[in-house]
Amino acid sequence: MKTTTYIEAITSAMAEEMARDESVFLIGEDIGLYGGVFKATKGLQDKFGKDRVIDSPISEVYIVGGSIGAALVGMRPVPEIQFADFITPSMDQIIQQAAKIRYRTGGQWTCPMTIRVCCGGEVGGGLYHSQINEQWFFSQPGLIVLMPATPYDAKGLLKSAIRGDDPVIFFEHKRLYRSIKEDLPDEDFTVPIGKAAIRKEGKDITIVSYGLMYHKSLEAIESLEKDGISVELIDMRTLLPWDRETIFESVKKTSRVVLVQENSKTGGVMAEVGAAISEEIFDYLDAPVTRVCGLDVPMLPFAPPLEHFFLPNAEKIVKAVKKVIDY
Amino acid sequence: MAGNQANNKSSLKQIGLSEETIMGLYGNLLKTRLLDEKLRKLFRQGRFAGTYFSAVGQEATTVGPTYGLRDEDIIGPSHREIGAAVTKGIPLVEIIAQVFARRNSPDKGKSHPCHYGSRKKGIIHPSSTLAGQTVLATGCAMAFKIQKKDNVALAFFGEGATSRGGWHEALNFAGIHKLPIVYICQNNLWAESVPATLQAAIEHFADRAKAYGFPGVTIDGNDIFLVHKIAADAIAKARKGEGPTLIECMTYRWYGHSEIDPANYRRQDEVEEWRKKDPVSRAEKSLFDFGLLTNEKREALVEQIDQEIEAAVQEVEAVPYSEPEEAYRDVYSDNFPVRRVEY
Amino acid sequence: MKTTTYIEAITSAMAEEMARDESVFLIGEDIGLYGGVFKATKGLQDKFGKDRVIDSPISEVYIVGGSIGAALVGMRPVPEIQFADFITPSMDQIIQQAAKIRYRTGGQWTCPMTIRVCCGGEVGGGLYHSQINEQWFFSQPGLIVLMPATPYDAKGLLKSAIRGDDPVIFFEHKRLYRSIKEDLPDEDFTVPIGKAAIRKEGKDITIVSYGLMYHKSLEAIESLEKDGISVELIDMRTLLPWDRETIFESVKKTSRVVLVQENSKTGGVMAEVGAAISEEIFDYLDAPVTRVCGLDVPMLPFAPPLEHFFLPNAEKIVKAVKKVIDY
Amino acid sequence: MAGNQANNKSSLKQIGLSEETIMGLYGNLLKTRLLDEKLRKLFRQGRFAGTYFSAVGQEATTVGPTYGLRDEDIIGPSHREIGAAVTKGIPLVEIIAQVFARRNSPDKGKSHPCHYGSRKKGIIHPSSTLAGQTVLATGCAMAFKIQKKDNVALAFFGEGATSRGGWHEALNFAGIHKLPIVYICQNNLWAESVPATLQAAIEHFADRAKAYGFPGVTIDGNDIFLVHKIAADAIAKARKGEGPTLIECMTYRWYGHSEIDPANYRRQDEVEEWRKKDPVSRAEKSLFDFGLLTNEKREALVEQIDQEIEAAVQEVEAVPYSEPEEAYRDVYSDNFPVRRVEY
């Protein structure tokens, strides 16, 4: 067992997978000598050489598109997008190539690629260093979309992604990189893609969240329990394909649900989760499916009070839960 | 007679290619032409759906570079690479099944006609986004370098596609890392209705290579022997780890952008002029000169190929489309089946 | 009054706005001499010259990004993206620049730009000539997203878009270009952005749809009415900001709703509409909010039976409506 | 003395710029330097949030081209263009208020520090996506051409940003339409931690202009007078409708990529070497030689500017942040207010 931060979990997952399988390689901006702007790839170029840890030019189209090409001929690329804000130039390659090459070729070509994307707010990053943009990939069949909230999941899911045969968008929340630690087993382990985690059982209401919002929800629960409200807390972990069964079972049990999402509300992942709950287990609901989300303004303005106002937090979650409980 | 033969031998020598190569190039060129003309006709008869992009007039630019590649060498094509499909050896029935989108197509009818590809034969089925496969092929070349394999990648694109940002990013990366890739630009003077003069302020797109630190060369793209030699040299160079080359082949498409385009943005005399530079008749003229072909031999060859094509078309047309449920397959690996919907 | 097809409505809107305001100009691939691959810009270069109808190189980044720049200094660009499938390369410019320039500058710079995007299936276009991708823009605050279903709306909304001061993604459904006609007034008219249209009043159930799906819903209604089911039919027209009031009022009245969307289901526009209905007017619902959508596979496979299977149609809508009615 | 003066006059003449221009360039250069060093310090003291990108060492590349522009000329900057903001005349208080993200900033605290912009002064606030403003500025130039105005656009970017696809698309379009724009590449040898040798296989990024059919030139970017002259010529040419120019300014950033970067990927001797080429002291040396500056005059100037800066900082720091509700504003025009959410 070793106490490990979220970012160390990611680094070690890459190091172990690279040692295990020589077809795994990394490409991205500043990931080599520098070890990445957040140091996620620290030491890896020393260990695995410049051929397997490639400092790319500022070319997000190529970082992803070149990785797809390499994946077609036997490699398992792990490209890094330095900030989720800069994934927009790669949309063409992700959507039109990675997500569809298996489909359009009737399964002849496959794309085992894991794009690591550093994302998320509450770091004073403003409009261009706080974005997530997970909803775009969530709506694209052919992609796997992951967002771990804990070091264990970060390591286990990243390993599953790298070993898998599908293109994965792997979101890492930069606010979590150094703020959370966990004891991780020394032996090799993976976390299955497609399974949500019930982090806490409860009976009055279900909270569904992912990424940083899982931690905000945890915070909210402390205060809610003081008021005698028993919350079941689900961390989605895999966004696509999302784990309907686990979420539905929980909501069937509690009959009430609050969905928490960091990104702007309209058209987000929780819109789907909410719509699906209403569509498929309507009869079990005793109150409206309620969302706590970022504001419907560009994610997110720079000045600290504006950033704070934009983001969901424990206080907002508590209020929403109480409203649903009192419904 | 003897003198004549000696003469032929010497012009054969001059051309610097073996008889086998010359005949191989010609055979693929002719097959490509006949298949393409046939598919045009079938489309016009409504025998298959979607659309059809003819490459008639520019076959030498695809057959020439492809001839002699290994199966493991990768091609990243665009939409006029029927010649690459034929030459790299995708069976006729597979090519045609893909055009007809039938159940026996290896893609099960999911891709567009003209998006020729084959995993086995190392051709990446294109997405339609232009220059997309240029980026992917560059990534394949990057992989070959990491894998220390001496495979090469070949990327085909029109002059129009060079305006795309992704094209720039790919060539820039290939230059930095001296990747084993050869870029073939088919400059046919038009991108759909837009003339090359509105595509760039330079006359020759090969000049773009200067921005990436590797050589670019502009050649007569309708001389199949020249195209093959220049490309083969560049491929050999790439295989040795000496970096990429950009080859601009000057050529022309005889027909519309696709079969529904009357192409009346072009002047008729321009079309006529280029038809005179027909790569097939030019190759034949050389073969006649070399004594490698006669009219009879040619006709026999044409008839044989036409029969092959006809047989393949009949075989394909007898096969139905995939059943609707096929739509659910190949989204993910088997680990993640798609949820069925019922109303 | 003049009988006008959907595409003629679009052409005439552009022609009239260009005549009215010299800051309006067009840029796109093949739009000049050729008049566009669908002929939407036919005759406009002759009329307004090469400076105002610009045949661009194959550069979707520039088509949009250059238009944004021009918009900043007084122009009203109307760039064309030839197929929605090819909008992916422009995502960076649309999301990071157009949608956010007003916001990030505190309102100093604005971007009055209308991106015309030819979209949609049921034309045998396969994976790369059938896409819509409206959900990406729908989830981006700062953008207006329109999709007219009729010639009147096509003309009126396009004019509103061009005259407005916000960046607009204007989706034109290629299946409708020549398949529907309508008598249009000779005098100038506009259609307000942000207002849905109640196309038909009814009392048993509400159908909400847009674009081609509006027409499929109309078809479905014919058969439903024969069975005595009275349907209220809403055409959203504006996707962002969507008209919650009109939709909520209708569902409050009918208590039942079916949402019809051409694109894949997961993460689509109707997820938001469904989630919002469940969240905000929960008590009025007598049955689950039900969606009829494209399959959750890449939109869409080429072979005719596969395309047909992918798309919603009148038959599927009828079945879904009956299920909801019988609930 | 008299001889000395005559000498100075002749070297002044040699340089080909008026005394007013020389002093104007120097004044802006010095002000930029002092402001930049001050902001670095303030950031290190935790006086403002976010991050800070210093441009110390490369000020001549922004001050030189910007000096003499009209308000209506447009600048598309990146993240090291504090010199353009100062020189084009954004008031100090506005610049600092933006860095501090205060309520009195024209952007109301929404943009990132160093994303300097001003509608009034014709500088487009950058998005962080590199080369983004290169595309926008090219669009402005396109508009000027349509509007038949003789305004010009100036785009600034590092050598790293030239690897981006959008950069290629913009320059390609500018070449085709001979747009009134000047592209300034600040080649400071590094893009964050990545050396220029991993950014492209060519030594000089000016060579990329060849791909677009307009001239590219590489110059000493730390000689403010040279930078100004070359840029002014290119701007004049662009204004006359004679098309774009790409100017590569060789320069160097003294400090880290941002203030949190120790920049230990660079060799110390490289840094030392470039510090010797300091654009400010080089300008001063010329001014001393010309007899336009003395040590006393310089000190007085420094003190005056420092006081101005200090006053502006104090003014700004007294202003609070915007109230939270401000987050809802400026999403759309007034027609489309954003829905408020209450929990």
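Here are a few things to note about the model shown:
Read from first to last, the chains carry the letters A, B, C and D; within each, the first residue is number 1.
Just so we're on the same page, a contact is a pair of C-beta atoms (placed from the backbone, for glycine too) under 8 Å apart; a residue touches a chain by one contact, two chains touch by 3 or more.
What you see is a predicted model, and the numbers here were worked out from it, not measured in a lab.
Looking at which of A-D and A-B shares more C-beta pairs in contact, the answer is the pair A-B.
Centroid analysis (C-alpha atoms only) places D farthest from chain C.
If you average the Cα atoms of chain A and of chain D, the two centres end up 37 Å apart. Mean C-alpha position of chain B lies 47 Å from that of chain D.
Chain centres here are Cα means. That of chain C falls 41 Å from that of chain D. Touching of two or more other chains is recorded for residues 56-57, 59, 61, 85, 88-89, 92, 96, 100, 103-104, 127-128, 141-142, 295-298, 301 of chain C. Across the assembly, chain B contributes 108-111, 127-129, 163-166, 169, 172, 176, 198-200, 331, 338 as residues in contact with two or more other chains.
Against chain D, the residues of chain C that register as touching in their complex are 25, 51-52, 54, 56-57, 59, 61-62, 65-75, 77, 89, 92-93, 96-97, 100-110, 141-142, 144, 164-166, 193-194, 241.
Within the complex formed with chain D, the chain B residues making contact are 163-169, 172, 175-176, 178, 197-202, 207-208, 210-214.
Those residues of chain D that touch chain A in the shared complex are 49-50, 101-102, 108-113, 127-130, 160-161, 163-166, 191-194, 198-200, 265, 321-328, 331, 338-339, 341, 343. Contacts from chain D toward chain C in the complex involve residues 74, 76, 105-108, 110-111, 115, 117-120, 124-125, 127-129, 132, 135-147, 151, 153, 165-166, 169-170, 172-173, 176, 329-333, 335-336, 338. Contact residues of chain A toward chain D in the complex are 29-30, 32-34, 37, 55-61, 83, 85-86, 88-89, 124-129, 265, 292, 295-298, 300-306, 308-310, 316, 319-320, 323.
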